[in-house]
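Lettered A, B, C and D in written order, each chain numbered from 1.
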Amino acid sequence: MAILVTKRSRVVVQGITGKSGDFHTSQMLKCRTNIVAGTSPGKGGTTVNGIPVYDTVRECVERHQADVSVLFLPARFVLDSTVEAIRAGIKLVVVVPEHIPIHDMIRIRKYAKAHGTMVIGGNTAGIISPDEANVGIIPPIAFKKGRVGSVSRSGSMTYYVADTLTRSGYGESTCVGLGGDPILGSTFAEILPLFDKDPETDAVILVGEIGGVYEESAAPTIRQIRKPILAIVGGRYAPVGKRMGHAGAIIEGEMGTAQTKLNALEEAGAYPVMNLSDIPKVLQELIGPPKG
Amino acid sequence: MAILVTKRSRVVVQGITGKSGDFHTSQMLKCRTNIVAGTSPGKGGTTVNGIPVYDTVRECVERHQADVSVLFLPARFVLDSTVEAIRAGIKLVVVVPEHIPIHDMIRIRKYAKAHGTMVIGGNTAGIISPDEANVGIIPPIAFKKGRVGSVSRSGSMTYYVADTLTRSGYGESTCVGLGGDPILGSTFAEILPLFDKDPETDAVILVGEIGGVYEESAAPTIRQIRKPILAIVGGRYAPVGKRMGHAGAIIEGEMGTAQTKLNALEEAGAYPVMNLSDIPKVLQELIGPPKG
Amino acid sequence: MRLYEYEAKELLAEHGIPIPKGFLARSVEEVTSCAERIGNRVVLKAQILSGGRGKAGGILFASSPQEAAEKAKSLLAAKIKGYQVKSVYVEQALDIAKELYIGVTIDRVNYKVVLIGCEEGGVEIEEIARRSPERIVKFSREIDEPFFSHDGVAFAKQIGFSGKALQTVAKISKAAVNIFYSYDAKLVEVNPLAQLQDGSLVAADARISIDEDALFRQGQLQKLGVENRHEEGEMTGREKQAREASIPYLDLDGDIGMFPGGAGFGIAGNDLIIDLGGQPANFMDSGGGPSPERIAKMLMLLEENPRVKAIFGARFGGVSRCDDFAKGVILFLKTGKLTKPIAMRMTGNMWEEGLRIFEEERKQNPHLFDKIEIFGIETPIAYVAKRAVELARAEERKTD
Amino acid sequence: MRLYEYEAKELLAEHGIPIPKGFLARSVEEVTSCAERIGNRVVLKAQILSGGRGKAGGILFASSPQEAAEKAKSLLAAKIKGYQVKSVYVEQALDIAKELYIGVTIDRVNYKVVLIGCEEGGVEIEEIARRSPERIVKFSREIDEPFFSHDGVAFAKQIGFSGKALQTVAKISKAAVNIFYSYDAKLVEVNPLAQLQDGSLVAADARISIDEDALFRQGQLQKLGVENRHEEGEMTGREKQAREASIPYLDLDGDIGMFPGGAGFGIAGNDLIIDLGGQPANFMDSGGGPSPERIAKMLMLLEENPRVKAIFGARFGGVSRCDDFAKGVILFLKTGKLTKPIAMRMTGNMWEEGLRIFEEERKQNPHLFDKIEIFGIETPIAYVAKRAVELARAEERKTD
């Protein structure tokens, strides 16, 4: 099965005619991702990498039953394009661009929630389910189909975790990059339950990092998850960062260091892991040796 | 019974400490309108005409179960104050001020519809149910409790219709002034069904006038009304007015003269009446002589 | 409140809608230098607050600065649709292949904001709406519902555009919606939106109408020099005089001076007089809560109107109180200028006080009331109207 | 992106929030004349992009223009919290009875906009939030949900205001929300909002932080002269140099130069090195899709850092491709400046191409690769990290 993206996903690339959209479409196609269409207003009727281009997402949904979209567009167009995808009925939007205005991300989140759409990113490397689909910019080299999921705030850590899992024989069911922007479309709390329900996932690696409160706010969800969750939090030795005025502290309280995050995650039932190389050992204890 | 405002209405006056709010509160009280509270931010704790003043409408609702509000405020504050009343749970808002920005009135209408609140006005003389309540600025002199309702786009015509009804012995159940502003909170289509359901109303006088499309758009509703409706439309001899660009014509089509309005109303089942003095004769035919 | 074409175009350009090169000129010399700056063929457009300029001779073409100067001379001396032409917009003449229509306005029936588009435009747009409504594309939206770029794309696509023009029309429609909201507009109309021979799109003419009642929050328009104004081109002198006193007033053809209360009875009163065989000389509305001074001014307008033979007055005091009304009438009577008979009814809020004021004055100066008949709630309004018609007939007989 | 106090106050004033009389001064002379214009007692506030100025000596009082001049002299020569003081805001000293707090920010957990108020304010506000959270009033709203005047009234009432102050706090809170939306702010903080002895309210200090990523649509801020800036007061020279090249970079205390890919592994890589007994000399991030030039620049920063003994490189090509990475590394190697050993791993998108580029260069100029060990997917990253630690230890032994 895998989660979010599978062989059956019907992917539309928004911004397919741009340099980046064009290149990564070819890369995603190499992973046999089922890309059915692309959009670029004013370029409807052309093709890119053999994929038909339309002016609107609605056409992609109506003619190709697209259900997943991935964005390769400048940050300033992300709000518009995401809302377009949501309105057209797309159920998963993967936002690759970074530096999206914060207010826009909150608008996107509100819109997505109201319409039951999941938005991943911005500044995400994407989502990969090895042998099924690769939606975003994830280099497939380190990935191999397996039974461990990962969800990470960092693209590079997604790669290194997969590198570790593949190397140790566990492989991955699905790896989700939440994205590196300060305000994210989806967080750990929304992804973990999907892994819990996925029959092909036995354990999940959660990769957090200093800053923000996404790890802490995932704690209540982690308590509900039955599958083992391994938690890594980057920045254990990071110097204490600057804070954003008093208001942030009033709202978020005493959160945000790697230690408070690890503590919160462990308290909620996750297994803290210090380094990537410790993952196989801990997995072995929790779910036994890799299968196959 | 009467409609919209009765003895049981619990009225709050928004802007009660202003010159106009103060004066008309005293006038409404003379008609024994059940005014329970007034508002004026920053003046909470004082009294006007013996009525307690609060900073917010919410307090008036919580402490006095207010359910009707009437506004005496400059036009620029009407959006804010109406939304405040709606949010506080008020179910009928009577907007006396005129010259309310058109965009604001559309915002008000949207907000009111979403919350099931009825807004009357702007630029309305108000609503009077003789011997029950008088909410607004209607001079009670020509009014007498009876069994004919009226709904009018013009304050002065409300008075003259009542003058006619009272003089002929029919009297009035409730008289509703829709208001003279170009965009109204409620229209004929919303008021007529209330009269139809009111056991103490036997017939309704609808008073329209040239301009806009409120009469034409009431036609479908009029077809559903079982009680007789007498229709007067002012401006039968008015010179053809100027129109607002092409867009208005595209949206509204061929509507807006007194004759098209009278035709539309008659076709929908209303009885056209040319002059006020014809009303008693037509009423006599439709509902018989006045009672009592 | 309609904006001048050059103001509307300034807003369009500010919001990214392409407009032809053009400059405002207030004299023949300015027209010449503008025409020189533009080069080639120019069009001179009289800046008046009215549509239908073209048919009325307010739009002239010129192939050279010399020709522009000649034509500007006559244009700047002309009166078009009642307006004295005070300025001319000198614009590059366009090589138009096709005229389109884009407009944003309010749907007053459904309380929506509507974006309207058509692949045909110009002066024929209303005719198209009537004849082939299916060719008109309408996007109806809740107020304040964000209008996204992709909405503009969908709109342009539905009108029938593709390729580069699709993107341009999408942008223009989004910009038009932005203008609508930014300036509290009642109407934003780009008509015609011209498609040139090279395929590019440009706003050949524009009409923007602002809600006067929202001007208080339109600081930017004030900065642009836009102020409250009316389409007064076709106003009579008396209408302008009334407007200066903030009295809604319209001259009509009859001989009975109408001196009513609110606008509603102002309109219905005219019907009443005509049904009784009279002819109103005017429409008038006192506005809400008029001062005694304004009441007096209203009467003075009628007294000074030579058409008026008799005056029909009606006051049902609501927000406008009878005491203020009575004071105003007396203020006028005391000028001693009244020569015309008045039949008038007064009732409503503070009528006792109004009556008392009249009675007191009558005791002091009974002669002031020689030509005025004042009725109260006991007399039906139709009787008072009939009396006014009789008075006018009597005056007519006198002059015969 | 934090605004200077004087910029923040300009925005406050523009939105109707009362601010004390004050002027910006860039020299002792200007301070004197500002103090003269204000009269009475003034406060001199160092304009730096950092909080905690008061405790750091950045806020001084003066009873006369002479005293102001003296204090300005030292203030304009001072470095406060790492910032050279370049300008001073000269403001009327306030007779404060009470300090309040009003702020608008984003609740990142719930994706809401939150208005925060407290009848106590100043530097103690965080302490209050911790100790007595019930005293903090929070109004949490959906993004773009209109904030009405009556919301402000309800908010002010909940904080505990009545009468005239209720109206003022209502207005200020509404204005703060307006500012938050108008300028794509991350934070709008009026703290302290000072209640003076006469009961009036005035914004004694203000902090506004703008979302850099939304600056492209903040034309008005650009007009006000606000441009993208960073809080660089405490930056080292190398950090400033990196920032000029748009490379996120932070100096640390160790001796291993960190040359990673994305920010995520940039952070985790530091943990890895420390766990392996090493000490990173820096934090660095290449940003998305770095050019070969930027890659070369990153290496140069490490080469030029005298602390650095060895370099740990890691590239997992995603949006940043390995071919560009290899080109950048070679660009640097070709400068001939490399003196430090590098242990580096490269894999990910276009790794074959990257490897090919290295191999070709090695054939041409084998000596360029003397100090660099390049690993691929076959080698675990922890091994490469360990190798970097070993190399640093070896260098250390050499210098001993």
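As a convention for this text, a residue touches a chain if its C-beta (ideal position, glycine included) is under 8 Å from a C-beta of that chain, and two chains touch if they have at least 3 such contacts.
Because the structure is a prediction, the values reported are computed rather than measured.
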Under the document's definition of touching, what chains do chain A and chain B have as common neighbours?
C, D
Whole-Å distance, C-alpha centre of chain A to that of chain D, is 26
So, what's the distance in Å between the C-alpha centres of chain C and chain A?
58
Once you draw an edge for every pair of touching chains, what topology comes out, line, ring, star, complete or other?
ring
A full list of chain pairs that touch reads A-C, A-D, B-C, B-D
Contact footprint of chain C on chain A as seen in their complex:
41-45, 55-58, 77, 79-81, 83-84, 87
Where on chain C is chain B touching in the complex?
51, 101, 103-109, 111-114, 116, 125-126, 129-130, 136, 138, 142-144, 181, 184, 186-187, 189, 191, 207, 209, 211-214, 216-217, 231, 250, 252, 260-268, 270-272, 274-275, 283, 288, 314, 316-319, 347-349, 351, 377, 380-382
Where on chain D is chain B touching in the complex?
146, 148-150, 153-154, 157, 162-164, 166-167, 170
For the complex, give me every residue of chain A touching chain D.
20, 27, 75-76, 96, 98-104, 106-107, 109-110, 123, 125, 137-139, 141-142, 152-160, 163-164, 167, 180, 182-183, 207, 209-210, 212-213, 217, 232, 234-239, 242, 244-254, 274-277
